[in-house]
Structure formats: C-alpha cells, structure tokens
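For clarity, chains are labelled A, B, C, D and E in written order, and residue numbers in each chain start from 1.
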Amino acid sequence: MTAYNLNAYMPVIILVGFAIIMIVGALIVGRFIRPHNPSDLKETVYECGEAPMGVAWSNFHVRFYVLALVFIIFDVEGALMFPVAVIFRKFNEIGSGSAVFVSLLLFIGVLLAGLVYCWSKGDLDWVKSYTQQSFNEERDEKKLA
Amino acid sequence: MDYTIGNIAPIILLPFAAFVINAFIVKKVPKFAVGLGCITMFASFCYACRVFKDFVFVTYSADYYVHKVFTWFDLGLINGKPFNVDMGIYLDNMSAVLLLMVTGCALIIHIFSTFYMEHDARFGSFFVYLSLFTAAMIGLVLSENLLSVFVFWELMGFCSYSLIGFYYEKEGAGNASMKAFMTTRVGDVFFLVGILAIWSTIGSTSFVDIYAAIASGAFNDLTVVGIPLVTFSAISIFLGTIGKSAQFPLQVWLPDAMWGPTPCSALIHAATMVAAGVYLSLRMYPLMEAGGITTVIAYIGGITAFGAATIALIQTDIKAVLAYSTISQLGYMVLGIGVGAYNAAFMHLITHAVFKACLFLSAGSVIHSLHDHHTDGHVQEMPRMGGLRKKMPFTFIAMLCCTFAIAGFPFFSGFVSKDRILGDALLQALDHKTMIAPAVLGFIAALLTAFYMFRMMFLTFYGEPRDKELYEHTDVETLSWNRNVPLLILTVFTLGFWYSGSLTGQGLVKFPGVEHKEWFSTLIKKPDVEKFTKYKREAWGSTDSRDQFFEKAHYDANHGMTEAQAHHAHHVHHIGAIMSIIIAFFGFFIAYMMYIKKAWSPGWWSSKLSPWYRALQSKYFFDDLYIKVIIQKGLLGMNNFLAWIDMGIYDRYIVDGTEVINRFAYRVSNWFDNKIVDTVGVDGTGASVRLFNVVLRTIQSGKIQFYFMILVVVLVSYIWTLV
Amino acid sequence: MISLPSFLAISFILFVSGLVVMIAKKNIIAILLGVELILNSAALNFAAYTRFVNQNLDGHIMSLFIIIIAAAEAAVGLAIVIRFFQIRESIHIDDATQLLQ
Amino acid sequence: MNSSVVSFFAEAPPYQMAVAKLTEILGFDSSVLMAFVTFFLASFVVVNVMALVGGLGTYAERKISADLQMRLGPNRVGPFGLLQFLADGVKMILKEDIIPRDADRFLFIIAPLFCLGGVFATLAVLPFSSGFTLTHLNIGVFYLLGVSSLVGVGIFLGGFSSNSKWSMLGGMRGASQIISYEVPVTLSIITIVILSGSLAFDKVIGIQGGLPHQWFFLHNPFTLISFFVFFISALAETNRAPFDLPEAESELVSGYHTEYTGMRFAFFALAEYIEVFVVCGVAVALYLGGYQVPFHLSELHFLHDTLGVPMAPARMLGQILEIGSFVTKTIALYYVVIWIRWTLPRLRVDQLMTLCWKYLTPISLFNLVGAAFWMWAFKGESVWTLLANLTNSVGGGH
Amino acid sequence: MFDNFIFLSSAALAIGGALSVVVSTNLMHSCIYLLMSLIGVSGLYVTLSADFLAATQLVVYVGGVVILMLFAIMLTAGSDNKTVNRFGIVKIPPMGNLKTYIMSLLTAGVMGCSVLKMIMNINQTTKLGELPPYSTTVEQIGTLLVTDHVLAFEISSVLLLGALVGAAVIARPRLENEVTK
C-alpha cells in the first residue's frame, strides 16, 4: 500500500487540456488562414456523387448489439479479474496461492461457459443462418395473419 | 458413527441434485433422468440405513440425539433478545426411523413408477418432481428448527401441487391441484403464525430451544389476544398439521389428490406429505401438552377417523376408498397424539406408510392392467372389476396382506399400532369422561375400516367379473421386477413382528427374548423437556461431547408407570386388544356376508339410511360448505353486496325513479321530460361511467413511469415515517 | 472542499437528475440513461461514505458491484428494448402498456 | 508518493533550489506550482514529440511502403523527403473546413476530441524511462485500458455525426471492432499482471530485465503466445491494416472520417498514428522489457561508481540510455506494424469477428489459465530460471 | 490546491453532464452528456482515493455501457417519427414535453426533500475523523475479493453469465424454421 497524492493525476488533466487546446487552437488559427466558401453542393454528404437518399441513421442489424453484449460481459469480468490477478503473486508467496488459483479458475470457467454458450448459439457468427431480412419477412407475415 | 456433513448431507443432497440435474436434461434424455433419480434415491436410502443402524443397532438409547448446527442468519439482539435462526440437523430415534421409512418407501415408489409411468408422455418429468418431493420430505425430517421445517413444508406443498396436477390437460387435475394447494395454505398460514409466536418469544425456532423454553417456563405469563401464548402457538402449529395431514375441517383436498398418477398418490398418502403433518405434531408434542390442547386433538382425530371411514363405505372408485382410508388412519394417528399414545401414534405413522404405499401401488397395478379400449383410459371404478385375483395373483397377495394390516388383523402391523392407540384411548376414556367420545369413535371407525377395506377387496378380486370385456382384455400378470417385487417387499413389512416383540404391541402375547424385539416402543419416547435445559448447542464439525451421558435403553414392561398403574393399564389394554380383534373380524364378516355370500344387500342399507347416504355421497357437504358458503357467500357476498348497491339502489332509485318522473313529467310537460331524460338519465349515466373509466384507466394504465412514480411516492412516505 | 457534504450534494444532484430523466422522458433508452445516473449516484455515495466515515474498503467493493450490476442491467435492459423494437417498431414507453403483444 | 517526472527532477538540487526560491518570492508553498510547471513542460515535450512521431509516421509509412513496392516514395521536400509531413500539415491547415448540412454539428465537432483526448491521456502513463515518465500511476495498465476506450466512442461518433451512410457503416464497424478486440487485449494484459503482480508500469518493467531471456516475451510459453495475441489485437484496436475495416477505402470510401476535412481529419489521423505508437510502447513495456538496458548499463551506481561519471550527468545519461532502449524497441515494433500493413491483405468483416471471438479470445483465456497455473506451480519463475535450477540440481545431485 | 481543482472540474463535469441529460432533447446527445457525467464521476472517485474504482468506471462505463447504449440507439433509430400510437392517440414526444417535465420535477422535488431530510439527519450524527492519506486500493480490493467477498466475486460471474445468456436470448432474432439446426 503506497501512499500518493493527487498530483500524480496532473499530467492527465494537462494532456487532455492539450488535446482540447490543439483542436480548438488549430481550428481558430485555421479560421483566419483557410478559405471559407460554403456552397450548397459542398455541404451535402458524399454518396458517390448522387443526391443522398434519406438519413443514414437507420436501424442496424442486431448482431452489432449481441457482440457488444458479449463484450461488455467480458469487459466487466476482466475488470473484476484485475485486482485478483494483482494479488496472486503476493498470495502465492505467502503460500495461499491455491485459493486464489481456484477462485480465478472458477471465475474463468463461468466466463468460458458464457463464451461457449454464445458460440454454440451462433451469436459469434457475423454471417448468421438467419438474416434480418427473413426476420422482417416473417414478422410481416405474422402481422398479416 | 460420526455425524459429519459428509454422511448426513448426501441423504438430502443426492435426491436434490438429481432434481437439479434432471430438470435440465429430462427433455433430452428422459431414460437417463429416470435412472439417475432411482440411483440417487437408492444411495440416499443406503445413507439413511447407516443412520438407522447407528441409532437402533449401535447406540440403542432412548435419549440419544444428534444436533449439529451452523448459523443461518443472525438478526442480532432485538429488544435485548437474540434473534437467530440456525440451520442444521436434529436426529433422534424418531427421525432415524422416519428417515428410513421415507427413503425406503420413496425408493420403492421410484422403482414402481418406472413400470407405471413407462408409457406416459412425461415419463421423465414425473421423476423430476418425485426427486424434489422426496428431497423436501427428507429435509423436513432432518430439520432442526421450525423455520427450516416450514421451508421444506412449503416446498412439499409446491411438489404436491405439481404432482396432483401432473395430468394438467385434464380439467379435474388442475382443479384438484389448486384445491390441494389452497387448502393446505390455510393451515400453513397458521403454522407460520405459530412459528412467529414462538420465535418472538424465545428468539429461536430450534426444537431444542423450544423444549428448553417449555421446561424453564419461558412461555408462562405470556398471552396473545387473551389466550396463553403456549396454547396459541400450539393451536397454530396444530392447524398446520390439520392442513397438511388432512384433518377434520380441512380434509377436502386429500381425496382429490388422487387425480395425480397413482405412484404420486402413494408418495403423498404414505411417505411424505401427510406424514409431515403428523410428524410435526409429534415433534411439537411437548408444546401441545403444555398448551393443554390434547383433548381437542383427540376429538379432531376421532372425528376425522370416523367421518372419513363412513365416507369410504360408499365409494366406488378404488383410489377414493384408499384416499378416505388414509384420512381415517391419519385420524387415528392424531387421536393417538391426543390421548398421549406418542409412541403408538408414531408407530402407526410408520406401519401405515408401509401398508398404504403398498395398497396404492397395488391399486396402481390393478388400474394399469385395466385398460378400457373404448375410452382409451384406465378403469378405476370397482363396479367394473371383480374376479381379478386369477389374473393378478401377485398384486392380490400384496393387497390382501395390506388389507389385513389396515383392518387390524392379528400378526399384522396395523393391528400392533392401531390396537395400542385404541388401548390408550380406552384408558383415557375410563379416566376422563370427556375422552369417551373419541375412543368410541375410534372403535367404530375400526369396525368400518375392516368393513370397507374388505368390501374393496371383495369387489375387486372376488366374485365374477362384472365387466366381461374389460376382463377379457386384461393380461395375466407375470412377476416383474418393477411391478411386483416392490409390492412384495412392502408386503413383507406389513407383518407385525418387525415393529413389536409382542403380538399386540402392548406386550401381551410376547415373543421369546422380547427385550431386543421391542425396540420400537423402547427407543421412541416422548421428549423429556427437562433434559434439554442443560444442553449447549454444537456447531458442525465439533465432536459430540455427550456420548458418555447416554445409557443403553432397557426394555421396561411397565412403560415407566408404577406397578399399580401398569396393572390397570394392562388390564384395559387386554380389553382393548380383544375388542379390536372382535371388531376386525366382525367387519370382515359383514363384508363377507354382503359381497361374497350376498346374504345382506348393501342396497337395503343405503335405502334405509338414505339421508345419511346422501350426506356421504356429497362427503358431508364439506366441498359445498367451502365452495358455496365460504367462497360464494363470503367472497362473492361482497361482490353481491356491491352488485346490490348497483342494482338495488342505483337502478331502482335513479333509473326507475327517472322513469317514474319521466312518465309523470311526460304528462305535465314535454320540455320537462326531455330535460330530465337527456341530462340525468342518459348523460348522467354516461358521465358516471366515464368518470370511473378515467380513474381505473389511470391506475391500470400499464405505463411503467406511472408505476415508478407510485413507487417513489411509497418510498417517500416510508422515508418520512422512518426519519 | 473535498468533504462528505459536497459529495453528498453531487450524488444528490445526480440522483434527482436521474429521477427526472426517468419520469420526464418517454424514450425507453433515455429512461435507462436515468437509471445509470441513479446507480452512479448510489455508487458515489458508497465511495464517499467509505472514505469519510468508515475508512475501510467495503464501500469500494459495494461500488464495484454496483458498477457490475449496472452493466448487467444495461445489457439486459437494452436487449429488452431491442426486442421490443423488433416487435413494435417503437421505443416509446407508452407503447409498452400491454402485457400481451 | 508515486514516482513521476516530478519526483525524478525533485531529487536534483537545482529543482529544490528553485522551489525554495519561489516559495520565498511568492510567499506560499510553491512545490505544487513547480510540479505543475514541470508537468506542463514535460507534457508539452511529450505531446510535441508525439505529434512529430505521428507526422513522421505518415512519412515512414509512405517511405517503407515505397521500399516494399520498389519505388522511391516522397523525396522532394527536405532531405529524403523528410519534411513531407510538414508540407502535409500546412496543406491540412489551409484546407477548407466543411461541416455537412445534415450532420449533427455538436457531435461532429466533439468527435475528434474524444479520439485525440483519449490517445493523449494514455501518454500520461507511457513509460519512456524510469525517470522521464509523466506519471507512474498505480493502476497504470488498467487506466490505459479505460482511457483508450474513449477512442472507440470517438470513432463511433465521427461516423454517426456525419449522417453519411459510408461514415455510419465505418463508425459502427470501428466501434464493434474496437470493443471486440479489447477482450483479447484485456485478457493478455491480465496474463502479464498475474506474473508481475502489479498494474504499475514501473513495477511490470522492473520485474523484467535488459536481456531478451529476462523479458516476459520469453518468460514462459504462455506469455510468448500472449504477446502475439496482444500484438494482433492491438493492431485491430488501432484500426491498422490488415484490420482497417472502419476506413476501408475500397469498400467505404474513407470510413468514419469520410466527411471530415482539413484539420478535423488531421486530428483523426494524428490520433491513430499516436495510438499505434502508444500500443507499440505498451507492448514493449509489458513484453519486451520496456526501458531496461542490457547489463544494467543505465544504473546509477554503474555509471557513477564504476565509470566515475559525475552525479548529474550520470543521471541524465542513464535516462537517455533508457529512453533509447524503449524508443528503439518501440520503433522496431512500429516498423513491423507498417510492414504488416503493406504485406497482408485486408480481412473481411466476418473473418475479423471470427478471428477475434473464435481464435484470439479462447487462446487468450487459455493463456490466462496457463499463466495462472505457471504462477501457482512454478512461483512465477521464468522457464530459463527453472532450467538453470534443474541443471544445478541435477549437477549437484551427482 | 490541485486536489480542489480536480474535484471542482470533475464535479462540474458530473453535474453538468447530468443536467444536460435532463434538458437535452436529442437521445444521442444525452448519451454523450451521460458519458461526460460518468467521466466526471470517475474523477470524483480519484479524489476519494478510489483509483481502482475510477479506472473501472472508465473501463466499464465508457468502454462498455455507453457503447452498448450507442449501439442500441442505432439499432432502434428511425423509430421516433410516429406521433400517434396504434389507437390514434397523440403520443407524448419521446424526449418529454412540458407536462412530463413538470410531473417529474414535482416527483423529484418530493423525493429530493425526503432524501435531503434523511441526509441532514445522518450528517448530524456522524462524526468525521482524520482522513487517511491517498493510497492505492487495487491490492486491498483484490485481497477482499478473494477473502471476505469471495462468494460475491464468484456469484457476480454467475450473475454476468445469466445477464449474458438472458440478454442474448432476448435480443437474438428468432425464426421458427431456422435454416441450420
């Protein structure tokens, strides 16, 4: 347990400050030296030269979400594993490493079970046996029925 | 034997593990699930045998018990009193015997179920429930305090609900399971109240602590709503027994429980569900005694025994006869508790479990064979049976032995235990005038039991087949390991000498070397509450320091009484035993005359006693009482009252009144008429409907945020009352 | 400056903001944002109390588990939202008033 | 007190004198002020060097690719075309700044900030040397993971705010790719944390040595695999080829920054190049011995006592040697990154996800268990130590 | 001095972000404001000597939850264009209108008063001691996680597994006639 003071976090603030200053500064400086000739065509978004159709903010495939879901579970479990990993060496040296090892193994085992589940259910496949398209079709059929 | 977690926990954990595993795999591999259920049950039975061996063959001490606990949760000191609940085991001779009975019966029922349920669509899931059911009962037997008893008690309630409603596609099964669940719930609520009363008084729910508290007078001088607390809690807990063991006012659910598959009926009626209630009352016997409610218990037992026996007289469904006989026999047990025959009541619990399991399984065997090709269903009606003993010799032997046992024929277990209850009832009746009625009811019920059981036997197995086509289609039974072997094993244990060293159980006609054979009445004694005051609880893992205190029990021919009392008691028991034998044979004789010789016509009796017959047919109107009076009058009464306000006041005075005024006003003025009709009559009604609509719609909108706001409001009000 | 009352004040503001968001917004995801704010205020409170009153680390453990629960809650909650959207094509909370589809 | 660049300088007498002087003049304890100034200056240096690295990165990329493709590459501006990046920078500043009409202006403006801020914040713990590291936080690696996840948000917002379909696809791809590959990265880092027993970079590096057999890279078989898993995943996290799907020019025009022009685009590019450097630095620190110099050449008692260099120059010399060691390894890795880019073809999206979830994640979980087992069974000794012990014991036994 | 600066800036970020979430009418914007608020809270953890918590906050929230929310927004985008529901009743705008805000402010006011009252009571009764110095908490948390709270540690993994399975089952688009069995 080492004591410290908050000055250790000073560079973080300073560096983030630099990032802000750089962006704002460069844009402000640029404002004086760069051209500014807005035109209607220039301000449309690029869609291979055609007029853009609709907005881009349409709904995406659910596989993005399922992957993010698997990720967040792994992320949280990783965050929980860090402190345990840190004290592993210390506990090992005082001879009670087995307990930590076993609890870590259990933890990883459960993590693995989740991975295996998602794998077996095809959540990790990007190209799935089903598609949003067919899902929508089926939903529409149901609606009609 | 050392009682560590390694050799106690498997008894309950194995069936429970089987339940958990099977619940997941049963859909995929039902055969494997069934095998797992049976094997874990067998292992559990082996462990129970070890416990039994230790208690009965090694220790052999009436006072010996094992009590190991760890703290489950500790609420700290509340008003200076410790409030904690331990979890652990309490094993004494009674638990050890009951444990053996439960696991043994359950094992046999498991094996039989592999035969009975084999062609069922939900073959596997039946075993899932069976495992859980058995595990719950084992947990209840092992429990060391009332709260964990309650936990397993409720678990069993759930299992019985699922098993009774196992054929949920049948409407009757669903209703029956609901009925069983709701009826036992009434008792459970009182049981919980009793637990809370005890807990709030002595700060613990452990049996040991309760015994010690009774001995040290911790219950004295406390009252609840004017009743002494000890009486209050005794009554509350006994109400739990009434619900679970289907005693007099709440017996309505048990006959309906036969909607479940027959093996599950065997489990409910014999080993688990109903036994739990009696077991609880036996466990809490010191409380009942201290509360002074034994007379009440005796009356309830006598009434149940008699009433159920009378209803059983006229049943035509083979399982219904058995169901009512169960209620009747449970009545005997409760009667035994009421008259102080602690040991006999428990012995009857065990013997009844064995022969009733056998009876139900035999009935299952019969029903399974009788397949009606027209309705594609099994036949349970006795009028369509008859003459089956040629087709099913093994089932017949098993059922006959059990009938002898339940009817109380000498040499059979039922005689040993029932005779002792009746003997003690007679003894009480001679001493106290108030106890005459239960004893008389008990003796009459004994007569009726013998009669209706033999009636059932004769109708089923003797005479000519009444439904020829059905008889033709029935295959001849061959000895099979999972159909007849379980029955025959149970049949062996319907003999009396396993339980008693003497013929009658009262030590009247003794076998040689009776000291070692009277183990049952030697080992199982009323708990002596004084002994528990000195006891300090022991945690798991600590070695038991009390071993040296326990002497080997000795057979006492006088059962702890003085010579003169014993002489008197023996005298009375002689009379009781002789009466029992006469009664049993008389019942057999009547049945024989009616159904074999056909000398006496049953029809004559039913027409002669037609009002009573009708009462019996509708089961003493209890279902009507509950459904028509309590539910319809009580709960629907409220409804009706509101409807009356609606129709009686609103319609009569506002609508009809409007009409009168209308008619009157029509004559006076057309304008006036229109005014009244339009504004008051039509718009007024519409407006009031709309108003209530708005109110109801706002409350029941299904809008989560509205619920959330209500939650916040409740929370706020809670905070304000708290701070 | 760095004292218990100031932390309580901050967590109070977070809590009230979360509450307002939860009730005022009709978008289910926005409501979940409010839930996250409330969970954060609770976690912050734990950390503040453990620093200023208990001076052990139990509050940190508690906050850690709150963060974990929040993650799990967000995952399941958003899954429900997406499922709901697939069925109803709406994430308006007032469309979710019926138990049956 | 955490060691940081301030604590390194605070040991030098001139610094202490300056603090004392300032305290005298200003009338209050100015150690915080002095620390701030030192941090500010150090950060300024680091940021500028990093900007230079980013700029030179573009040059190196073009030059190396030219080399690999047997052509010359930029060679007009400055010697060997070295100043090409300055010309590019000037061009960027002079470009017109266009915000699409349909874009979400607020998010469009703030998106580069997330990228650049996240990357810059990671610089705070990047261990250049034992002294010249901005700060050695106790939770160093974990902190780095946290702030670098801001980049994913930035990329997503960049794609979202443009309201262009190419950008949106790129942003979604980028975010899902970054979060996916964060899992093997995290698990690989935990592998090292188990063996080193600390999250702080100085401790992780301190437990390693200057020579390759003392590195975690060659510590045991699991860390060897773990390094490759980490390196591959890190490539994907920085959207480098062959994992440059978010900006795949043949599919998505230019991915999430299609609509960004001028300086705004430059910030995205800068952030990406710095991030590559940071990731290489982290790989060096975790697996390749970090700033450790072989044969303890940089240690004070060697320089001061054995060689007789005076105190102050010895300290500086030691730090320079360490920085040299770190930067050399990092640049080497950087070269490998560029080399890979121009060697391997781009993956398809489904291959990308398959690689992450079906290969790297299980492998890194296996590594994690293996490293834990190694720690438990062999007390965290490296395979070489074990071999040496074995040899000794065998030799001693006879 | 710097302690106060970091505290103030973090608090400003946290509170500002939270209030912006309240007033923002754009879902994506409010998500970003939430992100800012979360970063602010992470800074507050730093001032509370909870460095590990701060980093966890960053890793889990910034890297995980917020991304998840952004994805969910994208997956459900293009939905708030209907102003009437299936029954033809005009819906309240998704991000609330004056009525809902007044409602919520009233509720929050009542709740806030109650909470304030409670906080006041607590404040009077607790005595604040000398603050311990800032120290690293990772090792202590790790020790606690494998000793006192080992059950919670293991169970949390099961909880997360449950969340994963549950959420995957819910979110997965399902077909009755799946192509591959």
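Everything below uses one rule, namely that a contact is a pair of C-beta atoms (placed from the backbone, for glycine too) under 8 Å apart; a residue touches a chain by one contact, two chains touch by 3 or more.
Being a predicted model, the structure only gives us computed values, none of them experimental.
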| What are the chains that chain B and chain D both touch? | E
| From chain E, which chain is the farthest off, judged by mean CA positions? | B
| task | Consider the two chain pairs B-C and A-D; indicate the one with the greater count of contacting C-beta pairs. | result | A-D
| task | Tell me, please, which chain's centre (mean of its C-alpha atoms) is farthest from the centre of chain C? | result | B
| task | Please work out the Cα centroid separation of chain A and chain C, and write it as a whole number of Å. | result | 19
| remark: Cα centroid separation, chain A vs chain B, in Å, comes to 58
| note | Whole-Å distance, C-alpha centre of chain A to that of chain E, is 16
| said: Roughly how far is chain C from chain E, centre to centre by C-alpha average, rounded to an integer in Å? | reply: 4
| task | For chain D, write out the residues touching at least two other chains, lowest number first. | result | 32, 36, 137-138, 142, 147, 160, 172, 176, 179, 182, 199
| message | Counting only residues that touch at least two other chains, what does the list for chain C look like? | response | 19, 22-23, 26, 64, 67-68, 71-72, 74-75, 78-79, 82, 85-86, 94
| remark: Listed in rising order, chain E residues that touch 2 or more other chains are 2-3, 47, 52, 56-57, 59-60, 63-65, 67-68, 71-72, 74-76, 79, 103, 107, 111, 115, 136, 138, 140-141, 145, 156, 160, 163-164, 167-168, 171, 173
| remark: Touching pairs of chains in this structure are A-C, A-D, A-E, B-C, B-E, C-E, D-E
| remark: Within their complex, chain E touches chain A through residues 2-3, 5-6, 9, 46-47, 52, 56, 59-60, 63-65, 67-68, 71-72, 74-79, 133-136, 138-143, 145-146, 150, 153-154, 156-158, 160-161, 163-165, 167-168, 171-176, 178-180
| note | Residue positions on chain D within touch of chain A in the complex are 1-2, 4-6, 32, 35-36, 39-40, 42-44, 46-47, 93-103, 112-113, 116-117, 119-121, 123-124, 134-138, 142, 147, 160, 162-168, 172, 176, 179-180, 182-183, 186-187, 190, 193-199, 253, 258-259, 262-264, 266-267, 349-350, 352-354, 357-358, 361-362, 365, 368-369, 372-373, 375-376, 379-380
| query | Of all residues in chain A, which touch chain E in the complex? | reply | 1-7, 9-10, 13, 55, 57-62, 64-66, 68-73, 75-80, 82-87, 90-91, 99-100, 103, 106-107, 110-111, 113-114, 117-118, 121, 123, 129-130, 132, 134-135, 138
| chain B partner contacts - residues on chain E that touch it in the complex | 103, 107, 110-111, 114-115, 117-118, 121
| chain D contact footprint on chain A (complex, rising order) | 2-5, 7-12, 14-16, 18-20, 22-23, 26-27, 29-31, 33-38, 40, 42-48, 52, 55-57, 60, 64, 67-68, 70-71, 74-75, 78-79, 81-82, 85-90, 92-93, 97-98, 101, 104-105, 108, 111-112, 115, 119, 124-127
